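Input: a single structure, listed below in structure tokens.
Chain naming follows the written order as A, B and C, and within any one chain the residues start at number 1.
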Amino acid sequence: MNLPQISEAISPAGIGQAMFELIADLYPICRSITGNGVRQTLKRIQQVVPIEIHEVPSGTKVFDWEVPDEWNIRDAYIKNAGGERLVDFHHSNLHVLNYSIPFRGRMGLHELKEHIFTLPEHPDWIPYRTSYYKRQWGFCMTHRQFMKLRDEEYEVCIDATLAPGSLTYGELCLPGRTTDEVLVSCHVCHPSLCNDNLSGIALAAYLARRLSEQGRRYTYRFVFIPGTIGSITWLALNRTNVARIKHGLVVACVGDSGRLTYKKSRQGNAEIDRAVQHVLKHSGSEYEVLDFVPYGYDERQYGSPGFNLPIGSLTRTPHGRYPEYHTSADNLEFVSSEALAVSLDMYQRVLDVLENNRRYRNLNPYCEPQLGKRGLYGPVGGQADRHLREMALLWVLNLSDGENSLLDIADRANLNFVHIRQAAKDLEECGLLEECQG
Amino acid sequence: MNLPQISEAISPAGIGQAMFELIADLYPICRSITGNGVRQTLKRIQQVVPIEIHEVPSGTKVFDWEVPDEWNIRDAYIKNAGGERLVDFHHSNLHVLNYSIPFRGRMGLHELKEHIFTLPEHPDWIPYRTSYYKRQWGFCMTHRQFMKLRDEEYEVCIDATLAPGSLTYGELCLPGRTTDEVLVSCHVCHPSLCNDNLSGIALAAYLARRLSEQGRRYTYRFVFIPGTIGSITWLALNRTNVARIKHGLVVACVGDSGRLTYKKSRQGNAEIDRAVQHVLKHSGSEYEVLDFVPYGYDERQYGSPGFNLPIGSLTRTPHGRYPEYHTSADNLEFVSSEALAVSLDMYQRVLDVLENNRRYRNLNPYCEPQLGKRGLYGPVGGQADRHLREMALLWVLNLSDGENSLLDIADRANLNFVHIRQAAKDLEECGLLEECQG
Amino acid sequence: MNLPQISEAISPAGIGQAMFELIADLYPICRSITGNGVRQTLKRIQQVVPIEIHEVPSGTKVFDWEVPDEWNIRDAYIKNAGGERLVDFHHSNLHVLNYSIPFRGRMGLHELKEHIFTLPEHPDWIPYRTSYYKRQWGFCMTHRQFMKLRDEEYEVCIDATLAPGSLTYGELCLPGRTTDEVLVSCHVCHPSLCNDNLSGIALAAYLARRLSEQGRRYTYRFVFIPGTIGSITWLALNRTNVARIKHGLVVACVGDSGRLTYKKSRQGNAEIDRAVQHVLKHSGSEYEVLDFVPYGYDERQYGSPGFNLPIGSLTRTPHGRYPEYHTSADNLEFVSSEALAVSLDMYQRVLDVLENNRRYRNLNPYCEPQLGKRGLYGPVGGQADRHLREMALLWVLNLSDGENSLLDIADRANLNFVHIRQAAKDLEECGLLEECQG
């Protein structure tokens, strides 16, 4: 696989900025669950990582669902009697009820009101609304705009098409030393909304880029899909392949300033659940862990009882818990390169645990081995470091009976996985430990 | 089975009153573990539900015990030297040590005192005392009465008989669609004491009446038995039948104003234990849950290791925890129709869980089904109701993998069983769910 | 086995004093992991119990280790230019770095300082330091002494030998009715330090003496060994015998005034872990329970994955948690006969649980037996005692289904093991209970 050449290397410090720039580029595009907005988005992602773009025709049966007609929009407005555009799609694509049917007409305020959505409690924000499966048209506007509407005749236009086409998604597979897979999934169906969902797209893209540059134990599969119908479609097309998925994460809402939040997989105590909780616990920052509920993002589909995949979701503030959620206030100011970079770092730490989590067997299981004669004991680093290092060595030796994984050991020892992993490496090098197969 | 005709229907509002009236009718009767008081009591219960009355002869071996001689009493008094009845059985049947042997005699205060029981800490209350297996006679009186006794000669009379006869109990079986049984047991051996045990009798009788008027999945067996020797006798006579008992409750102390208290079955995590705790948790009222201890009411016998039946006990303030317990202060003022009605309602909710707790299989287990096209999604009821309804649907779909019962799902979702049950019904009706057999 | 005759019986009140006197006798001896100090120590212990003394030659391979050369010391000092002994081994054997190589020489302060250890934060205490496996010499002194050293020439002498010899340890086996063993292990390698380790030696010696005077279900094995290399040596020599060890405790730090602290075995929920926690819970005193960590005393070796023996450690303040630890302040004033006696009593209670913990089968499992006709119910002792006794009887009957041990029952009933044990004895005597075999 040849990655596109990028002249300047992205430094760890610069990666948050790069993620933010990707978000800024994608922000103006009007995305939906189908249509050209998704295609444009995936093409821009290809500048970061070489994802493949797939098209699934409208009408394709996917489990209990069907790929819908493709929606594309060029313009939309409400003009007052004086011909002035009071509401204009080109100012914000949130103004149009997403998936509105094409419409042109003239009507009074009374009739028009039936098609208007506002947020009275946030009078300066435009709400984001969709109507994918009920055929209707509508506009979203600030409540302040709405209150100014007078009783006159309005000209309404939604210059859109809703016609057979296809559902578009992106996929990238980074092969590893094994065919066991880690799935990273994000949704690409929201229009001008930054935290939900552009932050997830940016994190997934740059996480893929990072992983593409290093050796991999696991095969990594990244999917950039429209929410719900997209994951259902992808699962329907890959039904037999999903058995390879050993761990996974749904990425979303990773750019805001809130604390990291992990929603467990349906299994609840899968390795991914334990890995994320370990990393969060040792992150030094506040975090929250939520039990699985069959509501939220595409973990709903991955965690349906027929699949029951070990896929959780690592976010910052979860969907619906911040007032800006699904409004025009989820904009470029709501996300920051710093928050994005920290989120990416946390994902990398989680994958680092998965990549390095193995079981070992202590080859000297009767009493402790004499660490001193192997140079593993004593004057290396400061006093505190030395004690930490010794404890990590003793824990790995004590619990490496072929049953406990390094993550089990790290959790029981209450030590950071990176120290336990290093201890295992040191012990393996001097022949005191061997990796368990299988 | 033909229920006796009752002209006026008992309305939900009136049922507490009906229970209270039953208690008031039974209050004056002098009951014990055998004798005519129990027979009279059971006859009055037959005016509510058609229980069968059983007689077990004295001397019958029942496990390690033997049915004792039958005790009946007509009169009892202590007269002073002036012939005045200072203590009179006809004022309160608590005045006589329950199961006193017949006695007539004259004696001084010193000798009489050996046979008198009082409660110095509650000088106006008469204690309730028994001596079923040690042959003795005695009187109970208020401490205030006792302090007034002068050193004179007293005439003492206990006009009772203790002779071969039988132990009497009542039983009602309401057949259901299955032969699996739910046992509801209450004791009928206490004389003029309202909360312990008349409230339990009243609840059991009216619960049976309610159940007799509806369709039943389970067969319900109600037993009205003297405590300890009664349950031991019943278990001895029904030893092979008890395997049919899948759930059960011992009813007692359900008329006072205290909070509801559940004492778990010996098994501790039986379906009845989980059902009661679910109902109490969602009742909106304070409640308490206690672990099983081999002390208390007849759950001691049902929970002996040879039987180990899943039978708990749902009460209000447990026995021994209120000062009025086993005294004349456990009278008609100590119980209320309101408390009785609420207790009955709680029992009904528990049985409703048992009746409707099943396991289902999601017939569309791969990804969520499209609820919208089946009219299960969207504008039904208010916004909050709608969200609750959707969550219930999603939880039932997600966890109906043949393993989880509806109660499991309700507990994991932290939703009221009635919502989960309704969701299952709706999903079954549109073919998305099928009940698991066996 | 003939115990040495001791003219005066050691009364329970006097046993703390006897333990303290043993500590006082052993205090001046300079012990290390090998050498005559250990031999002298074991000889003094033989005045309490007839332990056997074993010698293991230097160079013997013991798992990953080798028995080191034997160290003996006669004298050591630092003289100033005036010939005055500033530091003198005969004042405190802590002054010498334990296992120092022999050395004689003259040097200035600058060079001397490289070989001196002090505790600046406790300027009047001498630290205890060792260098078993790195060949070096050194002195420990108070920081106040150290600060007074002037820049002059010093004469340094360590009159020691480090040469092939042997490692010495003591062992006592008290045979029981079964060959299943309880191991009690303490280390004997510390010089003039009272809590760590003389208190452990004293407790083990007097516990052995007590056990030798009573009937025993278990065989008890006491080992008095140098830390780490001693337990490794003992395990290497007894590799096949350790399968007999069913329970064990490592004794140390039992003479200070701190609360009792139990460090669980590696297994974490072994019978010894539950027995100690039961006794501590019912002791009426504050205590602490710690999870196993592969650091500490010889439980590290017993709990290595190849052995994984159910051996915990019951101490007062754990090693390293009191500032006097491994300093000259861990002296005779730091331990007390009262603390020692209470610690011994706690060990005895634990062993009493192990000795009497059995499973029984209720021979009358259907309903409760009639306790009254067997004299087990009613007027014995006061009201509170009577209730406790009845509850113990009912719990033992209820849970003796062949699955639960008396300790299981005591824990579930939240009653002291001694009451549960008595109830089982009473029930067994009247034929209601029989012991389960195997």
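In the analysis below, a contact is a pair of C-beta atoms (placed from the backbone, for glycine too) under 8 Å apart; a residue touches a chain by one contact, two chains touch by 3 or more.
From a predicted model like this one, the values you see are computed outputs, not experimental measurements.
Q: Over half of interface residue numbers shared between chain B and chain C means same, under half means different, so which is it?
A: The interface of chain B with chain C is built from mostly unshared positions.
Q: Superimpose the Cα trace of chain A on the Cα trace of chain B, which carries the same sequence, then give the rotation angle to the nearest 5°.
A: Roughly 120 degrees of rotation.
Q: Where the centres are mean C-alpha positions, what is the separation of chain B from chain C, in Å?
A: The mean C-alpha positions of chain B and chain C differ by 55 Å.
Q: Enumerate the residues of chain C that touch no fewer than two other chains.
A: Correct list: empty.
Q: Write out the stretch or stretches of chain A touching chain C in their complex.
A: Per the stated touch rule, the residues are 362, 364-370, 372-373, 378, 390-391, 394-395, 397-401, 413.
Q: Sort out for me which residues of chain B touch chain C in the complex.
A: 62-65, 133-134, 228, 231-232, 235-236, 239, 266, 293-295, 300-301, 303-308
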